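Take a look at the structure below.
For reference, chains read A, B, C and D in written order, and residue numbers begin at 1 within each chain.
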Amino acid sequence: MIDPIFLLEAAVNGILLSGVLALLALGLNLIFGVVDIVWIAYVDLVMVCMYLVYFLVMIYGWPLWLAGLASVALGALLGLGVHLLIITPILGSAPVNQLLATGGLLFFLQSFATFLWTTDHRTVRLALPILEVGGMFLSFVRLIAFAISLLAMIGLWVFLRRTYIGTAIRAVSQDREAMALMGADPQRVYLVTSAVGGAMAGVAGALLIIQYSVHPFFGAAFGPLTFMICVLGGLGNMVGAFVASVVMSEIISIGGVVISTEMGYVIAFVVFIVMMFVRPGGLLVRRG
Amino acid sequence: MRTLRMMRMLLGLAGAAALIVGPASRVDAQEQTIKIGVLYDHTGPFSAAGSLNCWRGAKMMIDYVNERGGVLGKYKIVPIDGDSQSKAEVAINEAERLLNVEKVDILAGVYSSAHAVPLAEKVDRQKKFLWITTAISSKVFDGRNLQYTFRPQPTGTQFGELSVQYIADYAQERLKKAPKDLRLAIIYEDGAYGTDVALGNELKAKDLGLNVVLKEGYSINAPDLSSLVTKLRAARPDVLYHTGYNPDISLFLRQAKEQGLRLRAYIGHGAGHSQLDKLKEAFGKDVEFFHTLDPIASQLLDPKKLRPGVGELTAEMVKRYKAQYDANAPTAAIAPHVSMGFNNLWVLFNDVLPRAIQKHGGFGPDALAAAARETDIPDGGTMQGYGVKFYPPGHRFAGQNARAFPAVFQIIEGKFELVYPKAVATAPPVLPLPASSPFAAR
Amino acid sequence: MRPGRVVGAALLAVLALGPVLPMGGMRQYVLHVLIQIFVWSFIGGAWSLMGRFGLVSLGHGAFLGLGAYTVTLLWNAYGLTPWLGGVVAAALTSVLALVVAYPCSRFQVVGHYFALVTLAVGEVVRLLIIAERNWTGGSLGLSLRASPHDSVLAMQFADKRVFYYASLVLWLAGLWIWYRVDRSMARAAMEAIGEDETAAASVGIHVTRFKMGITMLSASLTAVGGVAYAQYITYVNPDTLAGIGVSLRIVFAVVLGGMYSLLGPTVGTALTIALGEYLRVVFGLRLIGMAETIYGLLLILFIIFLPAGIYGSLRDVVAGLARPARLASGLR
Amino acid sequence: MLELRGVTAGYGHFTALWDVTLRVEAGEAVAVVGPNGSGKTTLMRVISGLVAARTGELVFEGNSLAGRKAHEVVRHGIAHVPEGRRIFPRLSVGDNLRMGAFQPRARQAFAESRARVYDLFPVLRERERQPAGSLSGGEQQMLALGRALMSRPKLILLDEPSMGLAPVLVLRLFELIRRVREEGYTILVVEQNVRQVLKLVDRAYLLEVGRIRMEGRAAALSEQDFVRKAYVGL
């Protein structure tokens, strides 16, 4: 039997992991919810942003915060680019084609990154303190990531609920055609959405590069989990995505300690599948 | 006597088969070029994890031989490169292409044990010659009685056994505990490589009566290893045995540090743990006093302990590596993978091929296999210190080099120092982890 | 119709004679690539049985892996012949398909949601294979225990030509099944479901039953494809036979070729495999990563500009030239 | 005010409208009636720019609308209340109205427009903070109408406003539309409820299988077999 203190530690680790997952899920969920297309390559955009921060900080010696801002800008640009070049031509296609076009982008980004930067994994080394609380250790970096993802969640919530363009984004996600009849160009709303979603990828990139090594296949480890968190949270529902991140991370973390690392993920995925049947609208929405 | 008759019979059978397959190699012999398929991973995660360095070593050796007029002064080596892309199915496709389209006489290389296991079986069935420079899993040979596959490289199980022996030897003296009172934890990537090393750890620990408190595998693609760290903390090991590639060990070390994992010794086994530059880039001084096991990176060996002439080759390798790939690399930091590619091909070009041509009439698979079986290089006869003598057909590990051995290295003052076996050691080990290490037990 | 039949017969004849055609030294390699094309086309065809009715599965890796592992484990541990093992594998896979598809149908999990649920199923199977490493070999994978000599019972042959003909037959069988399903009574019904679920339900079609049937058929055929692949490669591995990578690969090939036509999956599979091999050989070690980059780029371009798939689009163009009137009536 | 000449339109290979010519004068209320599938909705979508006309001319107040996208057409002063109301169910009533005034000119006059809509439909003021999806069918139709008014249109296109409403509500709805009309808006309405709609409008067109079959003043038409034809579709 495992010592309860370590279960507690696992729970805390779960919370910290949820910060990482929420960062990845929030932007994707915005895009997924509004444009109704799963960007399979979303985490690979994050990967590109991570490379940017790496190069700016380690090679050109920029301060991290400035590199982070650059990463946000690059993310927004990438979001715009993906929407204009890939999503726009296939808006009317069958869902499977939409899924696969972004899947092709995934292949493209992974191999182009290999081509440009080789498969070396790169790390930004950052000496941040580690907090020790009652025999447990908390990584400062992860705490920051968690705090920023919490802020991002609140920020996006306010953006969608309290601003005019945010409301328009929600309206488009509910009925694209009706919003066109109001005089809104859906394409422009989509562009704003993709840019904001892309900027979130930039935020995620800046925070992940100080926790993980970046390499061209970075996206593979997180991709599937990120999609599932979006759906579990409810499309376009920022609070839901955050809650889903916490739920999935806790299952992964505690399951990993009690059984084994893989079984933690197995349980998380099974929970996802079952939740799809029980609460298809997301964790926070009752069937009905 | 009996083995001899059996060998002759096998050779006859194989010869007959070779006639059916086609007399390609005999034609090539007249042209005096030897085509060699060089199969490594140039893309995908394995390439940065050491495969590329192996290829560099192999490439430098081929250039070296050709510059000196080729094998026996007249057979030029024509390398044909293949890229396994870090995927087993691509490795198989590339092997098919190299063997059947490019018609290479020899297939050499193979970084990943996950590729070597299926490849060896398939290539051997086609009765083609395979020379494995890097992949270490003992499963490549175990009980399969391969006839055309040879590997001068030590096996993973040997890695695992040696590292446990090392700790057992120093337990009382340095760790102030009887070996049986030590708590060992074994974690490993669950591919061919990690599994094999971990098995060696476990077997040796059992053998010596050491106490393994945790043995757990993980997948190299796991996005988070914090639960593994928590489990380790709960198990309170003195010594951690870890076998992994690179992004995964970086992730593990980072999370281990963040979560306050405390140890008295940390022992990695090659691959990611041997990439000093990567480790230092990510962790700086934190990796000081970590161990790794590998066949000895040639430049770390004292040339005086080797056979005459071998030391000069090492100097050649270092010179070429700096000229072609990394002018600023400290000599000691050149990864052992470079040596594996360089040295193990040297054994092929310098020992096996000449004998095959002079004594067995060419460099078809059978001539090569016959020549390889006669290889008998004493200890100290290669750049990595070990000798070469392959287990004979019928042996459980037929084709594996019986004389290969790895060695234990420790990062001391930012450099790899050879600390075990004691006979070849260049420095005494630092055990337990001193208090300056963030991982040191308090 | 007649010229089509002649072309088909000629093509078949060429394929049947494949192993004896003069190819110089390329034979072994060409056969190797063709065997892969046949097996993966068969699997792609199995996928398209579901895909064309709007059931876009990203979890066929699960069926593939379950099939391949079942047979390999049964053979390695109990020496059970793959012929029987294959039946067990297909049965197990059908059960898994049922367990997933029934609630999906019952709770109306469709579209992206269906894709993501199946994706999760694929991951669950892959991770279970890895987690149960003590008997599945984990990420290391599993080698098929070699039989001492060629054996029909063990389905192991040293000569590629045997596998070539076996996979050719498998592929033809796949086409035949596809054709039968296409022609059967279920066709109209299923298409109605693809268009509009409530409308189909209201005209009295038992939606759930049809969905179950087609899903189980698709899954068990995929398992058979997995068995064939494992027997040929003699090695199974969770990353090549389960999980997202392989699932996406199947879907890509089929959508690229066109999932609404008999030969679409084959055209797509042949093209992706040939393209992958070609680019790798052409680029070799120059411009590392470029080959795959071009591959990804081509996939995107094909999907944007040929949404009905290569074969599908081509056929539309030909049909459009021949009978423009019929097309108009085909659409609402 | 609005004039269509020889408009043909459809989806893909299918043609839904054949050579339609139609005219709406300023201040008029005009109905288009016809059986299911006769192309009425397509006609509305062509005018509002959701479907592009293949041939023919569309002129609104002297400006050609040909090739304009839906969001551009709104700026010319045409508001389209689509079939099935199409309100934003998870937005509040107030936000729905705010979205109605999306285009800059309308946004400036937002407060004034909203006051007018609330005067017309007081129930919407009471429900301002509720999600629109929680409204009853009749209230949702009011919201759809109110939302259309927020864009300060000159011409309102109403597509099947009575669809899905109980008969008693239909009467009330037509009463509301009459009041909207009295505010000075020009209206083009598509309806299956021929008897009621003919009481509301000045003129009407009969559309059948994509072609205009009949046209005339409402008062004259209602006495012919027009009604029967529209129902049965002969």
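We take it that a contact is a pair of C-beta atoms (placed from the backbone, for glycine too) under 8 Å apart; a residue touches a chain by one contact, two chains touch by 3 or more.
Since this is a predicted model, take the numbers as computed values, not measurements.
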item: Shortest path length from chain A to chain D (each step joins two touching chains); value: 1
item: Greatest separation from chain C - chain, by CA centre; value: D
item: A-B compared against A-C, more contacting pairs; value: A-C
item: Mean-CA-position distance for chain B and chain A (Å); value: 39
item: Distance from the mean Cα position of chain C to that of chain A, given in whole angstrom; value: 31
item: Distance between chain centroids, defined by C-alpha means - chain C, chain D (Å); value: 50
item: Intercentroid distance (Cα basis), chain C paired with chain B, Å; value: 37
item: Chain B, residues touching no fewer than two other chains; value: 43, 47, 219
item: Junction residues of chain D - those touching two or more other chains; value: none
item: Set of chain C residues in contact with two or more other chains; value: 127, 130, 288-289, 292
item: Interfacial residue positions of chain C with respect to chain A in the complex; value: 51, 56, 58, 100, 103-104, 106-109, 111-113, 115-117, 119-121, 123-124, 127-128, 130-131, 244, 248, 251-252, 255, 259, 287-293, 295-300, 303-304, 307
item: In the complex, chain A residues that touch chain B; value: 2-3, 6, 9-10, 13, 16-17, 20, 111, 114, 118-123, 125, 130, 132, 137-139, 141-142, 211-213, 215, 217, 220-222, 225, 252-257, 260-262, 264
item: Interface residues, chain A side, partner chain C - complex; value: 36, 38, 86, 89-90, 93-97, 99-101, 103-116, 118, 216, 220, 223-224, 227-228, 231, 260, 262-263, 265-266, 269-270, 272-273, 276-277, 280
item: Contacting residues of chain D [partner chain A, same complex]; value: 48, 50, 69-71, 74-75, 79-80, 82, 86-91, 95-96, 98-103, 106, 147, 151
item: Chain A residues touching chain D - in the complex, by the definition given at the top; value: 164, 167-168, 170-171, 174-175, 177-186
